[in-house]
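Here is the structure we will look at, set down as structure tokens.
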Amino acid sequence: MPPRPAGRRADQLRPLTFTRQYTRTAPGSVLVRAGHTVVLCTCCVEPTVPDFLVGKGKGWLTAEYAMLPGSTGRRKPRDKAGKVDGRSVEIQRLIGRSLRAIVDLSQLGERTLWLDCDVIEADGGTRTASITGAFVALVDALQSLQNDLTNPISSIITDSVAAISVGLVDGEERLDLEYVEDVAADVDFNVVMTGSGRFIEVQGTGEEATFTRQQLDSLVTLATAGIADLTAAQKQTLGQLWPLG
Amino acid sequence: MPPRPAGRRADQLRPLTFTRQYTRTAPGSVLVRAGHTVVLCTCCVEPTVPDFLVGKGKGWLTAEYAMLPGSTGRRKPRDKAGKVDGRSVEIQRLIGRSLRAIVDLSQLGERTLWLDCDVIEADGGTRTASITGAFVALVDALQSLQNDLTNPISSIITDSVAAISVGLVDGEERLDLEYVEDVAADVDFNVVMTGSGRFIEVQGTGEEATFTRQQLDSLVTLATAGIADLTAAQKQTLGQLWPLG
Amino acid sequence: MPPRPAGRRADQLRPLTFTRQYTRTAPGSVLVRAGHTVVLCTCCVEPTVPDFLVGKGKGWLTAEYAMLPGSTGRRKPRDKAGKVDGRSVEIQRLIGRSLRAIVDLSQLGERTLWLDCDVIEADGGTRTASITGAFVALVDALQSLQNDLTNPISSIITDSVAAISVGLVDGEERLDLEYVEDVAADVDFNVVMTGSGRFIEVQGTGEEATFTRQQLDSLVTLATAGIADLTAAQKQTLGQLWPLG
Amino acid sequence: MPPRPAGRRADQLRPLTFTRQYTRTAPGSVLVRAGHTVVLCTCCVEPTVPDFLVGKGKGWLTAEYAMLPGSTGRRKPRDKAGKVDGRSVEIQRLIGRSLRAIVDLSQLGERTLWLDCDVIEADGGTRTASITGAFVALVDALQSLQNDLTNPISSIITDSVAAISVGLVDGEERLDLEYVEDVAADVDFNVVMTGSGRFIEVQGTGEEATFTRQQLDSLVTLATAGIADLTAAQKQTLGQLWPLG
Amino acid sequence: MPPRPAGRRADQLRPLTFTRQYTRTAPGSVLVRAGHTVVLCTCCVEPTVPDFLVGKGKGWLTAEYAMLPGSTGRRKPRDKAGKVDGRSVEIQRLIGRSLRAIVDLSQLGERTLWLDCDVIEADGGTRTASITGAFVALVDALQSLQNDLTNPISSIITDSVAAISVGLVDGEERLDLEYVEDVAADVDFNVVMTGSGRFIEVQGTGEEATFTRQQLDSLVTLATAGIADLTAAQKQTLGQLWPLG
Amino acid sequence: MPPRPAGRRADQLRPLTFTRQYTRTAPGSVLVRAGHTVVLCTCCVEPTVPDFLVGKGKGWLTAEYAMLPGSTGRRKPRDKAGKVDGRSVEIQRLIGRSLRAIVDLSQLGERTLWLDCDVIEADGGTRTASITGAFVALVDALQSLQNDLTNPISSIITDSVAAISVGLVDGEERLDLEYVEDVAADVDFNVVMTGSGRFIEVQGTGEEATFTRQQLDSLVTLATAGIADLTAAQKQTLGQLWPLG
């Protein structure tokens, strides 16, 4: 079996960095790098909620995801009128659900938090890096709102959230697949978990392949370890703003 | 804990029926009923393939999913120009991937198989019923093509496929959720498996909730048993056309 | 001249059946079969009216028509963003006008009745079957509203409505064309009439052909007889719910 | 009963004029005025045919219809992405069918004739004026093609075509309704006929009203007389170019 | 150097005419002809303003521009859902800005003025003819509103506006380019000015070419002289309605 | 008159930096910063040309421009199906024209160069920074193609290009407006010039204001000096790759 790119161990994350306050315009603005995957996660706040929530006294959180045209080896055309990118739709729904699972929307007031995840450079794992970075941007945005909120941020945010991919490549179970591994993988899992070790989402797919119960079990175990490392990195970058115990 | 609707056991499927040749127009045409969920699955054959496959001598399989406006208690507006239903996009991608996992496209010739799943009546589990019914429609459509195919159907179809939902409702793990359970569920899994017991897709989601590793494990076990029952029902309805050993 | 398919007389309807309460989800839900043409007509009620009627104390009725992809011999692509099916637009406008002609909208209250006609299987005459079936679905839906209405249904519905096609095929005037006759017809009429024998709509078209005044006259006479048979069938299926004298 | 506007008799057309060669850019370009209804009908020629006709050696004819925003008393918004005007779709399909009925497309060569009917000012009867004017534009456009055509125009055009509205207003049967009559009419017919007195299309509609067989008969008779007058006017404006005997 | 078409001098406008009250339907309706370029400019008034102005007590002015399909030598397809004509978008934004520069919107009340410029025949300079004609239509529309306005029109309209193109063709600086000159031009300027000689917009473009500062200066000078002629023509056609000193 | 933000002189550029090879995925990838305006300019190469150029042996260059949602103080919604952002359309057309003016497309072979300018942070002057950065990305992309090109880059690129804004703020003529100046400006010019001092585009606009000939002249002079500074910065960042003498 050939070794992983850059000599990584099967259970090793790519180098991960967060650049907070990457832009001045959005209250939360985090550039997350996982190896060569680079995503800009911004969190904007709007003083309105969707129609179905108006007058209910609670807030909303939604996400959008897109890849810049130059973010892939072959230029990716932008979404145009009348042409939907099904993959982007799936991903932004996943990001939204994942973040909503750890925010108590009833404590937000009638506000909408917009998490925008724009891929600057894609090398596999863009959706999981988006979730991991979006959590940091969310904390920064809530921090900027602090004076307008009734409750402390540590009450509004009930847990942290991070996400990672795992997969079966050449028969080996690997953590945090980069692009060349992703296309070679028979099975690909995206796992979203809280910092306290609970699951928010498990999506395991065999595209033109299948997998056994035993493989399912050990891939989930591998992901769980990776999430713990991501949570530690989020905690470190947020420092005193870390909203959890 | 209140009992399940209609006195079902937690590990019991709803009554399931397949009506094959439901219409004369499509070569595969199966009305699948799972309790009050009713889906029409048709399989049409087109003698062309998408651009990225032209001239490669292999076939393609794709799926579309939609709900009729009258299929839900509150009328569901149709997709209109410029308004995308993200949920439908996700579901039709899932159906397509699931079916492609058990078809050897290289043996199809340059043809496209279209699986259309239209929900006549929705009572939870429409995406999983779609997959389970689509497999039967696929076999019927291939049967109608038999004389044009080089290889036998039992060679083209490498396994059967079925899907089921499981979830955590009021703390109980339940199989095959109907609508009132689905909205009350804290955790919702959709599991796609082959007749031989291998996994194609596992999607577990806690919408505004989370779940533990132990819950994940036992929900997957519950789904596995349900899939075995579905496979038996598919085998029975297809009779001599069952393409597998 | 070759005989009609299935040995039908020139002035004979295809076998016609209505299955009421076909689904549980919509208050009116009728599967109408005219030979091999099968249409699901549902009638949903929404507690709002379009902008131009808000505050006027009257109701609205509108219709939508679509063909399922597998309803024709060659798969019919769904309407997509930015691509309009002109034929569907024409048909749904016709269905809406036809039903509005026999409903006193001022007695409805501020409600919208949605008539959705989805073609399950197409063998000619889908638009006329849609109208004939939609009337039955409308009565059932109003029945479910009975307690919320000020006036009796027999006051709101001023007449019954049904529709039929007639055409000139191989020089013969025929009633209720099926698909193979429809494509061979030189002239094609769709006639919408009330149960009391008045006309709502007459649409006669010679696609790449023309017709004389005498042909016009006798085709309309043929249609009138067919409508009487359809009205009798509607009356029979509705039984005691028949809202007219 | 109040008299008609401008003292017209019930069976009298509005003043009708054709301005040929209204613009230099299109080979056929006719401004047709019927009273205060003004439509610019252009006929352009493209050296290609739609996909379904490529390689068959015959031509195609299609039509588009639109109203300028300032053509009505209340500004009419333009069609925008994702918003379809069902009425315009119906009308342009009618115009296309009507013209195709009198052109032998097999003698055109692989060309498409585009009939564009743009309403400059609307005062009722825009669709029928469009058809009547489009015929004149068509003859002019074919004239400009003369040297490229194998057969004479009198062979390609098999008959002339014109159209008129009739309706029931205040119980009176009237020819060529203007706007104030159109909105007051209980029944509205659009009739398309050839110069030789054959019917191409009869569309009779009772919007929120119905009509009897006797009314149908006498409205059609009234329209027939009007069409004869329109045909005479077309013949006069075309002079020596009149392609028929 | 070959002479200009029709023997025009380099600094000479094409023959210019305005036909006011071209249609009865819109309160301002001007057909402007500049040589063979013909544009219908209508000005409609709506009693509402866009959302961002509601409740602010001021008005709005906006413009739309389109070319009729038959207005060019090769048929121009209409804008369809999902296909944007970038050039039209640019032009209608320019028309709107140009007219807003000379209207005091705060004196309009909560009304929207819609300037629609539809090109009947295109022979170069359609955008500048649109602006020049739209000003005349605007004055006529305000005149029709006179009784509803608090202030006199001469207070609401602060200046007149007109526009012209200039360009470099075969090394010669020319005023008011017609189509054959436009496509041959190395540099093309559109200049919008007020009647009092101030600039509203200068757009100079070298498509696949560049120009010097000296050329810029003398082209602007040439345009300035042309605008003076256009202003005189506007003043003459409006006569006593000319709202300026 | 209050001083400029950050104590800038009226004729002084904001600090300008180029980060080349900002991403690995696109052959040209430049992050340009002008003060707080940040734009990512990528240049991708596709081995095809638009339909109108196929078989002509020459290449094409086109541009797209978009703002990330978090790039402005108030979140900017993404372009969605059926909703066009007219301003973006204008800007991307300007970028494309500007770059095409200095590339000899006939020496490219049948290739398309895609310049994508995505605004990461907006503080005024995003369109001009896009052009200035896109030139650097273009040179880098051509460098990566070098072995596939027949001619040297110094032959394909005929000049350099840069762009800057100037405007009238509080009566003062200022170079390189930032956002707070831009909204306060009475007049706003965008000037695109080559490194050799020739003009490609001059766009001067008075939104709800006008300007004199003298102001036009001196604003253009101010821009010319700014362009010289930008050209020097481009030359410095490209070093030996500078394709001009």
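Just so it is clear, A, B, C, D, E and F label the chains in written order, and each chain counts residues from 1 on its own.
Assume contacts are C-beta pairs under 8 Å (C-beta built on N, C-alpha and C of every residue); 3 or more make two chains touch, one makes a residue touch a chain.
Since this is a predicted model, take the numbers as computed values, not measurements.
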Problem set entry | Topological distance between subunit D and subunit E, in contact steps | 1
Problem set entry | Identity of the chain that, by mean CA position, is farthest from subunit C | F
For this session: Can you spot which option in A-B, C-D or B-C is basically D-E again, with over half of the contact pairs the same by residue number?
Result: B-C
For this session: Could you check if the interface between copies subunit B and subunit C is built from the same residues on both sides, meaning over half shared, or from different ones?
Result: same
Problem set entry | Rounded Å distance between subunit A and subunit F, as computed from the means of their C-alpha atoms | 33
Exercise. So, what's the distance in Å between the C-alpha centres of subunit E and subunit C?
Worked result: 51
For this session: Two or more other chains in contact with one residue: find those residues in subunit B.
Result: 80-84
Exercise. Can you name the residues of subunit A that touch subunit B in the complex?
Worked result: 81-82, 84, 86-87, 89-90, 92-93, 97, 100-101, 159, 194, 198-213, 216-217, 220, 224
For this session: Quick one: which bits of subunit C touch subunit B in the complex? Just the residue numbers, please.
Result: 23-26, 29, 36, 38, 40, 42-44, 46, 64, 66, 68-73, 75, 78-84, 114, 116, 118, 120-122
